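The two complexes that follow have chain A in common; it is paired with chain B in the first and with chain C in the second.
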Partner chain A sequence: MLSYLLRRVLYAVPIALAVSVVCFLLVHLAPGDPINAIVSADTPADVVEQVRREYGLDRPLPTQFALWLGRVAQGDFGKSIASGRPVLDELGPAIVNTLRLSLGAAAIGFALGTALGVAAALARGRWPDKSIVALAAASVSVPHYWLGMVLVIVFSVVFNLLPSMGAGGGGSEAWRWDWEHVQYLVLPALTLSIIPMGIVARTVRGVVLDVLGQDFITTLRGKGLRGGRIALHVVKNAAPSVLSIMGLQLGYLMGGSILVETVFSWPGTGFMLNGAIFQRDIPVLQGTILVLALIFVLLNLLVDLMQTTLDPRIKRQ
Partner chain B sequence: MNATVLHPDADALGTAAPALSPIPSTSAAAPPERGYWRTVAGRVLRDPVTLACAIVLAVMLLALLAAPLIAPHDPYQGSMGQRLKPIGSPGHWLGNDELGRDMLSRLLYGGRLSWFLGITPVLIALAIGGTLGIVAGYAGGWVNMAIMRTTDVFYAFPSVLLAVAISGALGPGLANAMLSLCLVFVPQIIRVAESTTTAVRNLDYIESARASGASALTIVRVQLLPNVLGPIVVYATSLISVSMILASGLSFLGLGTRPPEAEWGLMLNTLRTAIYTQPLLAMLPGLCIFVTSTCFNILSDGIRGAMDARQ
Partner chain C sequence: MTSAPDTPLVHVRDLRVAFESREPGVATVAAVNGVDFDLAPRETLCILGESGSGKSVTLRALMRLNPARTTRMSGTVRVAGQDIASASEAQMTAVRGRSVAMIFQEPMTALDPVFSIGTQIAETVRRHEGIDRAAARRRALQLLELVQVPSAARRLDAYPHELSGGLRQRAMIAMALSCRPRLLLADEPTTALDATVQIQVLLLLRELQREMGMGLIFVTHDLGVASEVADRIAVMYAGRFVEEAGVSDFLRQPMHPYAQGLLGATVHAGSRGRPLVTIAGAPPRLDRLPAGCAFAARCDRVMPACLDAMPALAAAGADRSARCLLVTPPRTALAA
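Presenting the complex of A and B:
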């Protein structure tokens, strides 16, 4: 198993490299001279030429990639065209904010999803099961940016209970896990939680039904074990697949929060991406996407490692 | 990786349809295929929820196609004095938008674009991804390796992020949005096509066809394609629901269509300013996306269930 774990870790390296190639090429995908992605339009011509040499943009593409990767490895993602500040300085607080939002959404979505999934499995074939299955199907086909607006209308406009925009005053450092701040998190997190809730509910239902249908459960029942003890065995057997789905969902939450962050003006990576797209701020776009994609690769790796360690039955070739 | 066994024959456990026999006749495999699909259609027709969704989609499609005939007003003709009329206003059943344009007409015309934006990338991805996946699955070896490892790279991005990255770098526009969605779906279809093809390739009847001297092209055409296309196409239909949400999402972000074009995602965005004054009106475009996407989702689930004889 150790050799599998090692190979899995090593396999993540070429994937991470390939992901950086894709992110590097984003600049060249953008229409126009890639130099415009580094300097603003009103820079004098001689400065532009100097920057072009400095960044090696007059060199062949592979050399450019190596130079870029070297800078990125040192944490230099370039400067934002819009603000002139280093991309990393803007990226840091945004990632922390996106992580807060994702964790909030994961907490809601995973808890509700697990509860609904177990409830559905226990009521198999009867109406609670059917309605939960329908709810799970609807939750993955709801445009969550629209759901966000519906929640704003209900909770902010009609009942005036919760704020509809921002993350509370004072920037990312001022954040505390108190109601003063958390109230800003409730609606975006709830909106974002709807997809993982549906997927977790469906997975939990399937896995629990699968485990309950196996022979060893019948044996345990025959031995006279009751509810609580049986549940323990079910949890143990269901955990690997459920946890891995949750891990992947957390990755999707972090990388897919752009629409919800835009609806709620939540100051995370998605909101930043949205701004970068409209200001044609390619360094910010590139840096944000690279970091989010690498986080996703890392989460995938962790999920695989965890699943193998938790469930030695998984055969790997 | 969930290498779902989507191969229809693999699930055939003695149901009435003789077509489910895993050995299609070598000469013109058409009649048994039709029998299998007729069984599937029969099961779908007996499933009320799936049938209802199919009907909703069919009615919607007809209405969208007939938009120029049935739309009561010009979807681009606004009137400043008629802005944000509520739902139920005389002459404007569904009210007017923030520029005084008739909501019903805009929803009808907008739906044409939303459907087009949602379905086209899946069709293109089906053609490209299906071909690459079948090639990878049938050829095996280094061809498989090259195609599948490239696919892995795209799997390293969450799909929303990949779509936003590509269409963000390319800039706003209909073609760019569709291109980015294609790039999201091609790898997913490749994976399903590859695993389906690999599963079928190792079955006995392919082996016996090879032993009887059939050329690779003949085997692919006569034995392989009829048995893998169904599952691949059904998987692709399940992507339409996601594609509609993503496509409208890109427009919502301002990356797809641009004003004054009518498109559900974009309309939802421009109506955001109206949620305090006309909340119900502002919800309409999103409701359209929701209904369409849910119906496509349930329909494709229903078809998949009907193809699975165990249910």
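Presenting the complex of A and C:
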């Protein structure tokens, strides 16, 4: 088991490297010169060149990459072009905020999705099933930002029940899981939870139906087992597939909340990325994308390991 | 549950099972169309028939294991003193696995892949006898030893995919026997196994049945297997018994043309050097059965009367009967 674990971790290293190359290159492949974000348009050419040298932007790309990677490995993501502060100082609180939002959205989406999926499977072919399948299809099709705005209009503007912007006062350190702060989380988390809810509902429905159709369910009934015990067999059989989908969805939530965080001005990585893109703040962009991608790789690794422990058929050798 | 020695263990009269589709426009499938039989304690009945003849459905009806939502079942079914047709679902869960147990055809898919076989045996015992985890595990070990699984203690924690087909089927048998059922139902238990393993499992099953004094209903399409284990044979065709006889009578002289055809199409010692004769045609569709004899379309001795009405099951000698107009009861003069 230990050597298996070690090997899985080692497999993740080349993936992480490839990810870092891609996110380094993507920024340089984008049109526009990052130097324009630092200097004003009427700066003399020799000053521009001097700034370019100071930021290392005149070196060949591979050199820039190697230097960057070397610093990143020591936790130095450089300084933000826009604010002049170390990227890590800005990234830390943003990641924590995004994590809060993702976990909130995951809690809502996974719980609702599982409940709906099970309900649909048990009512297979009848109207509750059909309406849940339709709801799941609709929920993965609705644009995030549109839904976010509708929720803001309904709950903030019309009924004035919930705040529509920010994460509460006092910055990231002042966050507590009390209503004073959580009320800021409700609308963005709800908005973000819709897609994972639909996907989890569809997956759970499919997996539960698949398990219920297996021969061994007849065997379990034939042994005289009652509903609760049979449900335990269904859960244990369905868990590996469902949990792996949930792990991937959590990864998407961590990395894919740019639009929603922007709509709600939630001070997370997505909000930060959006700002960095508009300001051509390359160090922030690279650092954020890299950390999010690494979190995604890590989540995948965890899902893999979890599946191995849950399903005896996956060889551990 | 205490029945007198002469009351049958299984009593089935006019059993009918149909599967209704919930899709509009899809016809109802009449899988079992009036089956009658009795089984004495310790007796073995083999139900012989090809795929789709209704033999597995009949077997499952004895435990009411056919899918509840689509199944329409009627007739009288009494097993070990319990009225199966009218029992509540809660009563059925107390019967299943305790007084009646079933062995399935494909042990790979019939066992839960993510539970160890020890757990799967123990949970049956715990369900019906309410003993604690440790005691149930000890019972599971004894049962694996009973069905002659080598190094049983180690196999207790094995998952189904870690065992060979023969061992999986032995585990399945151990599970079925775990609460000492009075009736064992076996649904082609050896079909998925290699020929050599097949005979080992068959002999084990026969030995255990005698030791434990169980009644056994054994469903198969293999005449060789049937002749190995059966006291009596019932031949099933299109959801009905077309012939029922003691095994030696049946093998010596099958009476129904379909049964004769089955025997003619089977490899046995007497068929050496002769070509095997197959039965032409295919069984009728179960969603539109003919009014007359279901076998008439394939029968080479068909008469006009065969097409009018389904022949009744007629006595054709001591303890045997057949559903064919050609079969007449033996004259009393000859019998005397």
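In this section, the second predicted complex is superposed on the first by the 271 of 317 C-alpha atoms of A that agree within 3 Å, B and C clash if a C-alpha of one lies under 4 Å from a C-alpha of the other, contacts with A are read in each partner's own complex, and residues count from 1 in each chain.
Assume a residue touches a chain if its C-beta (ideal position, glycine included) is under 8 Å from a C-beta of that chain, and two chains touch if they have at least 3 such contacts.
All figures in this text were calculated on a predicted structure; none of them were measured in a lab.
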>> Quick check on the chain A-based superposition: chain B and chain C, clash or fit?
In response: fit
>> For A:236, using the defined touch cut-off, is the partner it touches chain B, chain C, both, or neither? Pick first, second, both or neither.
In response: second
> Of the two partner chains, chain B (first) and chain C (second), which one does A:142 touch, if any: first, second, both, or neither?
Replying inline: first
>> Looking at A:104 after the superposition, I want to know if it touches chain B, chain C, both of them or none. Which is it: first, second, both, neither?
In response: neither
> Should A:215 be classified as contacting the first partner (chain B), the second (chain C), both, or neither?
Replying inline: second
>> For the overlaid complexes, name the partner, chain B or chain C, with more touching residues on chain A.
In response: B
>> Output check: A:259 vs chain B and chain C. Expected answer is one of first, second, both, neither. What do you get?
In response: first
>> Contacts for A:287 in the overlay, against chain B (first) and chain C (second): which applies, first, second, both or neither?
In response: neither
>> I'd like to know which partner A:113 touches here: chain B for first, chain C for second, both or neither.
In response: neither
> Now for A:125: first (chain B), second (chain C), both, or neither, which partner does it touch?
Replying inline: second
> Between chain B and chain C, what is the shortest CA distance in the superposition, whole Å?
Replying inline: 13
> Of all the chain A residues, which ones make contact with chain B and with chain C?
Replying inline: none
>> Taking the touch rule as given, give the residues of chain A at its contact with chain C in the complex, in rising order.
In response: 125, 214-216, 218-226, 229, 233, 236-237, 310-313
>> For the complex, give me every residue of chain A touching chain B.
In response: 15-16, 18-19, 22-23, 26-27, 29-31, 137-138, 140-143, 145-147, 149-150, 152-153, 157-158, 251-252, 254-256, 258-259, 262-263, 273-274, 276-278, 280, 282, 285, 289, 292-293, 296-297, 300
>> For the complex, give me every residue of chain B touching chain A.
In response: 152-153, 156-161, 164-166, 168-171, 241, 245, 248-249, 252-255, 265, 268, 272, 275-276, 279, 282-283, 285-287, 289-290, 293-294, 296-298, 301
> What does chain C use to touch chain A in their complex?
Replying inline: 22, 63, 65, 92-98, 101-102, 104, 106, 109-116, 123-124, 127-128, 159, 161, 172, 175
